[in-house]
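First subunit A sits with subunit B, and in the next complex the same chain sits with subunit C.
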Partner chain A sequence: MASSSPEPLYVPGEEPARHFGPDDLVWTAEEQQTIDGWVAQYPTADGAVMKVLWLAQEKFAWLPAEVIEFVADTLDLPRAKVFGVATFYTQYYKQEMGKWVLDVCTCFSCQLCGGYDILHYLEDQLGIKKGETTQDGMFSIQEVECLGACGSAPMLQVTNGPYVHNLTPAKCDTLLANLREGKLPGFESVTLPQDEAELDGNRRSDAEVIEQYVTPPVSATIE
Partner chain B sequence: MPTVTIDNQVYEFENGDVLLQFCSDIGIEVPHFCYHPAMSAPANCRQCLVKIGTPARNRATGEPEMNEDGTPVINFMPKLQPSCAIAITDGMVVHTQRSDDIVEEGQVDNLELLLINHPLDCPICDQAGQCPLQNQAYKFGPEGSRFEFQKVHKPKRIQLGPHVVLDAERCINCTRCTRFTSEITETHQLSIHNRGDKNYPITAPGVEFDDPYSMNVCDLCPVGALTEDYFRFRARVWEMSKTPGISTYGSKGINVDYWVKDNEVLRITPRQNLDVNEYWMPDAARLIYTTFNEDRPAGPEMLFRDGGRGPADWRQAYDAAAFLLKGVEGSETFLLGSALATVEDNYLLMQLAEHLGAPAPQYLSHVEPGSGDDWLITDDRAPNAQGCERLGMQELDADLLKSRLASGELKVLYILQDDPVGMGVLSEADLDGVQVILHHTHTTNETLPFANVALPIAMAVETIGTYVNADGRAQRLRPAKATRHMHRPQMMEMGLSRLDRQGTPFDRWHDESNKIDCQPGWAAIPEIAERLGRKMRWDGPASIMDELAQTDAFAGATHKAMGFTGVPLEDVGEAV
Partner chain C sequence: MEVPKINDGTSKAGDWRNYKRVLLPPVRDLHKLEVYEQNGGYSALRAVLNENKFDPKGLGEHVKQSGLRGRGGAAFNTGLKWSFMPPVDPDVPRFLCCNGDESEPGTFKDRQLFEYNPHLVIEGMVLANYAISAKACYIYIRGEYASWIDHFQKAVDEAYAKGYIGENILGSGFSTDIVVHKGAGAYICGEETSLMESLEGKRGYPRVKPPFPAQKGIWARPTTINNVETLACVPLIVNKGADWFAATGAEKHPGPVLYGISGHVNKPGVYEFPTGMLITDLIDEVCGGMRGGKKLKALVPGGSSTPVLTAEQCIGTTMDADSLREAGSMLGTAGMLVMDEDTNMVSFLRRITHFYHHESCGQCTPCREGTGWLEKLVTRIDEGEGNFRDLDLLLDLCDQIEGRTICALADAAAWPVRWTIRRFRPEFEAKCKPSTFAGADLGDGASTEPAPVS
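Entry: the complex of A and B
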């Protein structure tokens, strides 16, 4: 089964489509002040590039070519370098995304625990493939690398926000139904076994636990 | 001096030496892809892994710890280390793949990893035959592939810029190309895009890779991911001969290799010379390869007595040139030297002028102010102006020449390898009534229509000779492609292809096509001089330089001494 070679995101030398005009591409005085503060934190402006890209994504919802250029020019960095950073992280959206972005992890642990099953289940449910957005602009699916929650694989992240752990098809259905109604899943605490008692099952102080993940007894696991 | 033990042998090193470079310098081959001596070492290909240990010291006393037999205790690092990023320290013990099975296994495994998503398209890849990945996979790699799955597909045939094409699937992400644009040319045009198994180098959105030195990334690329657009699918590297030479582009004297197949120059690549161009050359200096193949003359031409103009044979043409020179006084002739011709040819021209009693030859300057970049592209478009200066030739005084031509004072103009009409120095009216003898390299030479005798001269890729670059470095030209008439010195120094060396009489690789009917200046000028009663005593360009090397201006610059990297000449006035 040979597939044809994919196209690059932007063809070198070809003028990319523009989505924001020069009037949009300005920082407010407040934003500029924040950026200056970040730049001052590091020996060179390179250090601030991720924070500024994040700020830009919050402002413009995604990062088309002109926004990446805008960030590069703000920090006086080579455009190719900022483009390289922006494309490295799946959390920076290089395409216009739906309201809810489902970042399904298919890295090693999730893959072994059925990450691809979850990915394909969601694709079937929403009628789109990974990297696509539903017609109604509600959902996008991305296949992402490890999000650091291997203990509760398979998992996904909703729009760079809450994690949904220990996924099953039933859990996916609930998630999609809730998201359609605009309800984000709450914070699910997954503490390390040794921390459960100490932190009272919650490793965050800024969020309320909706469900507590309990480590199965060791002997039961072994059996 | 501090010492390091590599594979049970002790070597002395200087502080600051990098282990991988040190191994290369002493002749130990450690496989590597991302390391390049001119750039930073990110250690991201992981191929140069070696085992490294340092002498143990007692924590309390700081004294070296000793084994019972008196040898120092060596603490080996728990994991293999990339030798490109390790500065050698005193007493360090290194095990390379030559002496340690773990290192050998580590390198094999790493190569297997690099090859997992690498397409097996060597048979159609331009890099095959000169590919570090291919070579090192043979030498240090696994026997076969265990990967039975669909390989990752990435974009192919991306035109990164006017001269460079990217095949992202072949890329192993060594980042040599991105480091070249950020550290050497500082245009920052390339960056690694995307992550994991999907990453490859590309420009920012909408940006073309139009760096004037862009094609150096094709030389740097250790796989076939970045290739020169002009050379794609033109020839396999083993079918070509590769001859070291000097670029005719500008007066920097860039050291190059000329790649020739079927008597045509197909490719020019930079040759390492740390005193001149290091490892680099500008794109424009590569793209002049066509000038060696196209619009070349088909033998001598002359104006016959009946007024007709047509091809002549060499003897006729020499006779005619000698006849023209013999018929006038020495003061009525003017000989124009050339910054495009070699030192040897210009020297012979000066000898001829002396014999004729003509005024000292001058050369035509090709300087275009402001066209250089203070690096490898120079304002001077000609390669050998400095050589002419050192011979005592002066830059042409065009106004004086024009007035002497206008007054009818000059009857014969002898032009060595240049084009005064095309350069706009002389016009058709100036040459009215003047007999012109021209050594030309191209049929597009605009002085050619006015020549009474035209003798095609061999170009820098066909002759033997010396160029002196703007910094006063004498460097040698070697014949890279055959001409119709091969003299023995040329035959001796011709670059050979693999087939030339290994082919049998049954292989049909010889090609007589594309041979230019031209003569090197050091063969043509003595022929004319001999007909004028001056027997030139040199038996080839090497003996001319042997003589010139005795003078201050060219002290020590014999062909032998120049070798492959040239001889820096003393800074003297303009005199022989």
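Entry: the complex of A and C
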């Protein structure tokens, strides 16, 4: 967000706070093997940097300075370069986030179909504003740009993972209750409208949850 | 003599009510390799590699004849793009990039291909690699699509196991690889050169062109870049022929296309039809009409950067490049946003300007600063603090931004502002405070920094 820039990772002249010690900053043999496989996919090791940053974020939950340095050292790249990559892309967390990050889409399709209603509803339920994390460290809310699910707006994404489509306040309640119990939503397969006539519904027999396209709700707030 | 109008109100999609889908045919579990094979999957690849249906050049020529135009937004002839690759030099590896970044607001079509028909995309990639003699295809999928990246990676692994990708494909001696690359949340990486920077593991700053990707693409090697849906059309062209493709839909912009329709319609979603569908047919018949029986007010035909059309402009207009150009917009990605009569166009534009401000990569000053000013000014108008002269200031700002940057993001940010104001000016004026004469400092705050955006 332009209006709420994250705290700087480095303050000039100050030693950055360390969150992980040298004992934490090691790859398992399996992870190292995966990384080697990625490096082989590209003409130079640079190409694998985004994948390794993803792996590091899965392992450490976020990317403080020492993790970024660790990734750079793994691939034998200049630390400044990896730092530059990590700070360019919004999905890499440069600050500690809640256990579950709710990325609520409010870009124009969602905006017109009640994305802000959902955002404000979640803010009220959790007692935080967008860009903040609950005191217990369970939830963060972010307002994000288009997630490419405009046909099933309003929608959100949970911690860079599953999408939750066709949101209503009731669906948000269920989602929050499930997440509190540690249950991540399953893969929601959204039926193609043309399939309803020709295939009698969704075409994937292995989908965990089937969502149909529904008439979008009337939005109460659009900002 | 009067020039005949393109938009004479007739559909160019032919008998679309009985159209048989080909990109997403009605087959259950088509994403599974064995189901795809049972339904004629990889037969185009066999025909080309085993039965010598085409040599690489011939395949490119065939695709050129089919009239396939890129589905990512620019609608450039795909076969022609392939022909820009320099002559094959065995010492210089060549690459194909597949652009699955799909971050243009309003666009959600490629995701359906990853979910429901990934092997069609893979077959198209291998065929394209063959046509341009590429060593590997890197497919860049936006990081938000984590679930679909998993689906697609699984399909790639299956295809590797069956020998459709890798060394000596189907015993033909042709070898090529497919690498799935996961983005991490940056709209700008949908821009072709920015995508290449990102693939190389850098910040996604667009490159200055020339050199064009066909000369110096990823790792400074000759590279062709195509959209996911574009490549998915290639096996269909091989199987059914260029003539079939050219005869489907609008004459100058043929083929099947995935329309992603969102907003105030009863049945939003992705629909496959030929190009050249009447916008009114899409809304009234295909999508079951407007939500709540409301009237259409405005429509964005192809993603956030394409100029918004008024309801009058939509009448008689079809979804193909030429028709939309005449109507005053572009096809873009065919991701349509439908807005009903209750839509507040100022708030709508405010959200778009916020998007471009957030997503500007910051490399070029006119865009980095300009998108911020666009947002500040539109926000001020939306909050009722704007002045009449702000509207002309916004249009002037658009002039200062457009065409003055490395990539087209700045143009994409300026177009919606320019055309929404031009086409819905009374609505903007209704929100502005009157000012008695332009240019004077009336103590109305216009000469000072506007309040920060909340």
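Here is the rule we go by: the second predicted complex is superposed on the first by the 175 of 223 C-alpha atoms of A that agree within 3 Å, B and C clash if a C-alpha of one lies under 4 Å from a C-alpha of the other, contacts with A are read in each partner's own complex, and residues count from 1 in each chain.
Here is the rule we use: a contact is a pair of C-beta atoms (placed from the backbone, for glycine too) under 8 Å apart; a residue touches a chain by one contact, two chains touch by 3 or more.
As the structure is a computational prediction, the values presented were derived from the model and not from experiment.
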>> Between subunit B and subunit C, whom does A:88 touch in the aligned arrangement: first, second, both, or neither?
In response: both
>> Once chain A of both complexes is superposed, is A:112 in touch with subunit B (first), subunit C (second), both, or neither?
In response: second
>> For A:160, using the defined touch cut-off, is the partner it touches subunit B, subunit C, both, or neither? Pick first, second, both or neither.
In response: second
> Touching A:136, do we find subunit B (first), subunit C (second), both, or neither?
Replying inline: neither
>> Going by the contact rule set out at the top, does A:76 touch subunit B (first), subunit C (second), both, or neither?
In response: neither
>> Taking the superposition on A as described, I'd like to know which of subunit B and subunit C A:11 touches: first, second, both or neither.
In response: first
>> If we overlay the two complexes on their shared chain A, which of subunit B and subunit C does A:43 touch? Say first, second, both or neither.
In response: second
> Which touches a greater number of subunit A residues, subunit B or subunit C?
Replying inline: C
> Touching A:145, do we find subunit B (first), subunit C (second), both, or neither?
Replying inline: both
> Between subunit B (first) and subunit C (second), which, if any, makes contact with A:30: first, second, both or neither?
Replying inline: neither
>> Residues of subunit A that sit at the subunit B interface in one complex and at the subunit C interface in the other, please.
In response: 1, 3, 81, 84, 88-89, 145
> So in the complex, which bits of subunit B are touching subunit A?
Replying inline: 150, 153-161, 168-169, 178, 181-182, 188-196, 199, 202-209
> Given the complex with subunit B, which residues does subunit A contribute to the contact?
Replying inline: 1, 3-16, 65, 68-69, 72, 78-84, 87-89, 145
>> Touching residues of subunit A toward subunit C in the complex: what are they?
In response: 1-3, 41-51, 53-54, 77, 81, 84-85, 88-92, 103, 106-109, 111-113, 145-153, 157, 160-163, 187, 189-190, 192-195, 198-199, 203-206, 213, 215-216, 218, 222-223
>> Going by the contact rule set out above, which residues of subunit C touch subunit A in the complex?
In response: 21, 24, 26-31, 93, 102-108, 111-112, 115-116, 142-147, 177, 179, 181-187, 198-204, 219, 260-272, 287, 291-292, 300, 304, 335, 337, 339, 343-344, 347-348, 350-352, 354-355, 357-359, 361, 372, 375, 382, 452-454
